[in-house]
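The following blocks contain the structures, represented as structure tokens.
Common to both upcoming complexes is chain A, partnered first by chain B, then by chain C.
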Partner chain A sequence: MRIETLLFKEIVILPELFLGLSLVYLVLHCTFLAVKKKNLLIQDSVLYLGVLVLFLSCVLVMNDCLDVLELSFLNDTIVNDYVSFSSKIVIGSLSLFCLLMMQPYLAGQKINQFEYILLILFAVLGLFLLCSSNDLLTAYLAIELQSLAFYVLASFKKTSTYSVDAGIKYFIMGAFSSSLFLFGSSLLYGVTGTINFEEFRDLLINVYPGSTINTTLPDISFFDVGLIKFGLIFILISLLFKLAIAPFHTWAPDVYEGSPSASTFFFAVVPKLAIFVLLLRIFYYSFFGFFESWRYFIVISVILSVIVGSFGGLEQRKLKSLLVYSSISHMGYALIAFSAGTLESVQMLFCYLVVYSFSGLCVWSIFLLTRVKNNSLQKQNKDLTDLVLLGKSNYMLAIFFTTVLFSVAGFPPMIGFLVKISVFLTAIESSMYFIALLSILCSVIGTFYYIRLIKILYFEKVLVGKLYHPIKLQSSVLISLLFFLFLFLFINPTILYLFSYKFSLLLSLAV
Partner chain B sequence: MLYIKNILSYILVLPLIGALILSFIPSSNKSLLRSVALNCSCLTFVLSLTLWVFFNKSIGTFQFVEKFFWIPILNINFPIGVDGISLFFILLTTLLIPICLLASWDTIQVDLKKYLIAFLVMEFFLVGVFCVLDLLLFYIFFESVLIPMFLIIGIWGSRERKIRAAYFFFLYTLLGSVLMLLSILYIYYQVGTTDYEVLLTFSFTSLEQKIMWFSFFASFATKVPMVPVHLWLPEAHVEAPTAGSVILAGVLLKLGTYGFIRFSFPLFPEACFYFAPFVYAMSVVGIVYASFTAIRQSDFKRIIAYTSVAHMNLVMVGLFSFNIIGIEGAILQSLSHGFVASALFLIIGVVYDRHHTRMVKYYGGLVHTMPVYVLIFLFFTMANIGLPGTGSFVGEFLILTGSFKANTTVTFLSATGMIIGGCYSLWLFNRIAYGNLKTQYFKNYLDINKREFLIFFPLLLGTLVMGVYPSIFLNSIHFSTNMLVEFMYF
Partner chain C sequence: MIINILFYLFSGILLLSSLMVILVQNSIYSVLFLVLSFISSAGILFLLKCEFLALMFIVIYVGAIAVLFLFVVMMLDVKTVSSKKDTLKYFPFGALIGGVFLTEILMVVGETFKSNPYENTFLGNFHFNWYERMDTFTEIQAIGQVVYTEYVLQFLIAGNVLLLATIAAVVLTLNTGVDSDKKQVIFRQLSRTYKNVLIV
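Moving on to the complex of A and B:
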């Protein structure tokens, strides 16, 4: 399986190498550019450079040697397989869309520092590395790389106290959860003597009840199982912190609300998939033998998340807080698939995350694109009631928003419905009837706040004369692309299922 | 003859094509929009009439069957077909949609384009519900109907309370049907497919049947509606525009009974027998309660809404008699209720367009000024009571005959509903049509015009034909019902 040629080994992390080197170059380039010319439009030019760099690294990801199932590099710390390939493609295209959608917002908010774009690219680099990390330390470093970028992005609006407050909160909670991750890793290292995922799997292969696959390896009594479980729980909690899943969600509403919308947009949509990839690698690939012990924690989180997400969103008056609670409940549904522990569940989890990320992308980009006219403060649309204007001033955008909201709510006939029932199907397949029943009832309550948005869009009379700025041609082309993606995915979901099937294949080695 | 084979898929996609064409017509050109939508829906109706013409009445299996692939990787496909049970529901849908469009010809001026598109899309979903032969696809269509109806109530409803009504409608139905979704997923997990004809060959254990029957019941009973969960119906009816009420009473309520016949009966026969007394009790309570409630309403539309509840619960009694007469009567009563209740809502719409109120107390003595209107109103009032010669009589008679075999007490109690039905219908007709003209409220009176007469004419004709010569309908229904009953007993 391993190809030992030097040439091939370097290709493994070619996209990351390219992205990193271009970032170093961009930092220098932008510094000199900013000093020299006092360029007023530096933001735009850097943004398009960043888009170019990201696009090229996506091309490099696509160009990877797909005929090979698995390739590892740097002493097995970085691995390139179908899981990392497909998640990198999704993350790369999401970030491309994000960057392009942000442009009108950044221009409108007069955020004219080149660092903003570079930080986003650094975060993308971290996410790419996170997708292909093959040991606990690399994973930790990748998480830190993206988290540090996020802390700065959250507090980027230096004049706003809310933004600084959000940044600090995010930093404290992020640092805390990272330390939990390190603590868990050190426990695992102390017990097993390794931090490599593959070696974990090989060492602990005899954990499966009644399995004596490899008699040369020590059996389970050799290790201190309690400590392994303890370490695993710490790692789990830290990653649930990062995903903002209840009961570790309390930082999320403040941080999301306070940060500049573009930053919130980015860290609400993009990183979830990468963190789930890490969760899958640790808990499915390496430690599947301990399935019964970590599953309970996940199930408790599922129950809490769907309840908190659906009831918490009911009384929100701001769009951003509403989206936070929506994201909490959606992560809860994703965790249902995660807790099922079958091959299908991994597949459905990936489908769910892809569709969730793309619908989040749509909702947030509409949120960013709509700017109220005749507003001296250049105020961003913040309250839910501001959306009344959207139905009147940009009719097509309102229709698109409705479609996406129905999809996010998991309502037929949208793609969101299909992936949601796939998740519930995995719950039923592993006999978690109570979880399925509870979360489907909570999803009805959650539907209430989506249809309240639709009510605001269509049913209410406009009292004020303010309207939205028309959106740019570039953004409208992107929006319609996404719209057709949604329609196409519903009419032909087979593509998504095939894509995710290959994703789940590699993890099947362990399951 | 080659094209006749695919006629069902043409009926299915034609409204969608119409909606697509409408979306390219500028919204300022209202007359073109209206005529395109009307022509499209009329063409669909003509096509569905040919469906009836070419329908083979002497077999009970599915006809015009076609199969499209959708998600072959999960073994979920898109088969369509009709049998005697679903045929008339499709005809009812395609008949009522042009009538709805005609009924809102002048009244809807705001957002006309969206309105027409919503109706055509809803027609697509409704035809889809009745002809699809896959459980998951059925659920998808069943739920999708909520979206256009939610928008129709919310955008074109008349008062501020419409938002509450739209929420009621949406959430009640959704809450009922998510339970059904879980059962569908369980069935998919057990059988490996949701294809209807494959599911018929599978039998579930007794406990599974009971649990799944109940979750299906939660969904269909909300749609029918049975009594504790009927609260959304009067709200939605009162707030919806006339055409919305028509389609709600005419077709949407039938989704519940159709679901019972199509899925609950053949999939869970044992549970059906087990829960029959429960359904009887709820239906009888529904009939008596709804009829009494109808007497003390002051809103014209609310009265008709409650009569709908009573009549649909009578249909439930017929269905759960589990014999051919009862089930055929139930289907015929569903159809005739689709004609009569729709016509009554249109009758309300006529006076509402002129006077903009639905309170009964403002009306009186209309017979002096609107004789043709009152004549039509009288006919449909009599049909609502179940006068011999109208479709309702045949339906109710068959239902009561069928349920007499099953349970005489239930028959007796259901029959009281017909008497109370006579009370409120005649009382309502009396208040509206006779007495003195209340000129202190209204100054101008205008009898119905040609367009409005043309709306009523097909419904009137259909009700009469159904009452005088019901065999036209029963012949097509008979073999499918026969197969269903045999399937349940053996």
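Moving on to the complex of A and C:
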């Protein structure tokens, strides 16, 4: 093996290096400023510095020259292909929007510590590394980096008992799932003697879906195959924990409700794509030969999460927990595409995740922007009735919200419908008729709670609606941009399809 | 020669202190003897040229775990109960377990060191490795060479995780002058009586 050190020619991790270095500088800057004067409010300036840093690292990502001949760097621990490239751009732009949208909320809730922004930047660094990691060790470290930031973000409001409770719950569940990941990886290392995804693929080249494993070969035995399957299940379970998919979702409603809304916004929207990229790398790139064994478990969690997501949301009276159940069912739909195992399914998975993330961005921004006046308790959560007659008090915002909700629910003219139907089509193409039927029925049931929200926005029988704080110019420009993005995607979905097609092709190039 | 003497010294301390851990009545003394046994086993590891492992023993076991034990023992306020009369009762069982472990260790040692040519001499471990004198580096050097070249990115990420953990600890514990509701009001604490306490 050629041993490489960190040279400047390793320009591939330049965005990550830049982000990490500027994080260190930001820490120093903020600490000296905070020492100079007591209780100086530097939240806003740090937020804009963070936005600048994120924007610059996004530019660096875009300027990456994708070298097709040589994809992996730093002793094959980092891979820089179109998958990591496009997912990094999506994650970067999502977190930019997140940072800009949460500014009025942070000011309103008096979360004045500058560390909040730094923690978000740390999480973004972890997600970037997770997207381009090419071995289990780097992936584990990146997961730890992002989830450690998330635990603190969840428990950031120290004066609120709910927030502390959410932080501890998130920490315990996260630590548990990380330990499962480590156990699975140690089993894989014990059997194969490597942790690199590419070497896994080269080692198991004889194993393909439908093949009877030839146990007469000296290098692979029946026992080894069983142990690999066992380890894969552990890794799968730990990543499903991180995604909050149905049998492992029980922490999600508590954590999402308890933590400050800005944190919930961040970890409901941003990290899902990165974890799906890791899932793709492990299960499609390295261990596609064991497709039949791991698909079984994924299908079970698909069914459970679609059912839980659509029936659990029916009873919710809080907007946050409704959104949690909605996200559980959406992750279930994304997992349908994941379990189909064809090229189109990977393409549709990426499409679905991008549309899910941007619509989540829109919904959560509206959640943060409608700050009710006379909210004496300064409560973080919102009842559904807090949005009553938004159609009269803020006409445009209500229209935006309605459009996005229609898209999330999957009504025909919107982009949400297009990606949803293509996910179901991939399921039908790979003969998963029962699952397609069940999830279509459940999605009809799930539509109820989106429609109920729209009914509350427009047609509630009360005389007076709520009064809201005015929305800043910056936030309103951003939210209109998001809305027009939705309209544009509905008029011209080809651009998304082209990007995702390239995404799926380069992943399958290696197979 | 000096290495052998040091080896017997450290192993003697180790045996004695680990015996004292279970024999001493006061639990704080017992934890301190545990620390002593960790340190002496670190010394033995140093003599066996496992410097990294020895330093890890001192940093992790002594620095973190034993001090944690010490805090727990000091907080729990365990009453000292004289257990002398139970010694005879538990002796056969303990002796059985100890005997089993002793035979296991003796068997392993017998299997492994069969071909040791210095077996019958007193200075059994004293031999001279010319290769080591000429071209060698220590274990820590070897680990450092791997970490700083092959796994440099992972090393940097681990450093970032530690920085994040430090920032997180500061954020979660620093009280920035804001009145939190979890403050203890001593007057209210002292003026509580049995009657006005809500019993659930």
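By our rule, the second predicted complex is superposed on the first by the 462 of 511 C-alpha atoms of A that agree within 3 Å, B and C clash if a C-alpha of one lies under 4 Å from a C-alpha of the other, contacts with A are read in each partner's own complex, and residues count from 1 in each chain.
Just so it is clear, a contact is a pair of C-beta atoms (placed from the backbone, for glycine too) under 8 Å apart; a residue touches a chain by one contact, two chains touch by 3 or more.
What you are looking at is a predicted structure, and each value in this text was computed from that prediction instead of being measured.
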Of the partners chain B and chain C, which touch A:Leu425 in the superposed model: first, second, both, neither? first
Touched partner set for A:Pro493, first chain B, second chain C, both or neither: first
After superposition on the shared chain, which partner residues are touched by A:Phe411: those of chain B (first), chain C (second), both, or neither? first
Identify the partner contact of A:Ile78: answer first if only chain B is touched, second if only chain C is, both if each is, neither if none is. second
Who does A:Phe459 touch here: chain B (first), chain C (second), both, or neither? first
So, A:Ser443: does it touch chain B (first), chain C (second), both, or neither? first
Applying the document's definition of touch, where does A:Ala175 land relative to chain B and chain C: first, second, both, or neither? neither
What part of chain A is shared between its chain B contacts and its chain C contacts? none
Enumerate the contact residues on chain A facing chain B in the complex. 406, 411-413, 417-418, 421, 424-425, 428-429, 433, 436-437, 440-441, 443-444, 447-448, 451, 454-455, 458-459, 493-494, 497-498, 501
List of chain A residues in touch with chain C within their complex: 3-6, 13, 20, 23-24, 27, 38-39, 74-75, 77-78, 112-113, 115, 118-119, 122, 125, 129, 137-138, 141-142, 144-145, 148-149, 151-152, 155-156, 158-159
Sort out for me which residues of chain B touch chain A in the complex. 70-74, 136, 139-141, 143-144, 146-147, 150-151, 154-155, 162-163, 166-167, 170-171, 174-175, 178-179, 181-182, 185-186, 188-189
Which part of chain C faces chain A closely enough to touch in the complex? 148-154, 156-158, 160-161, 163-165, 167-168, 170-172, 176-178, 180-182
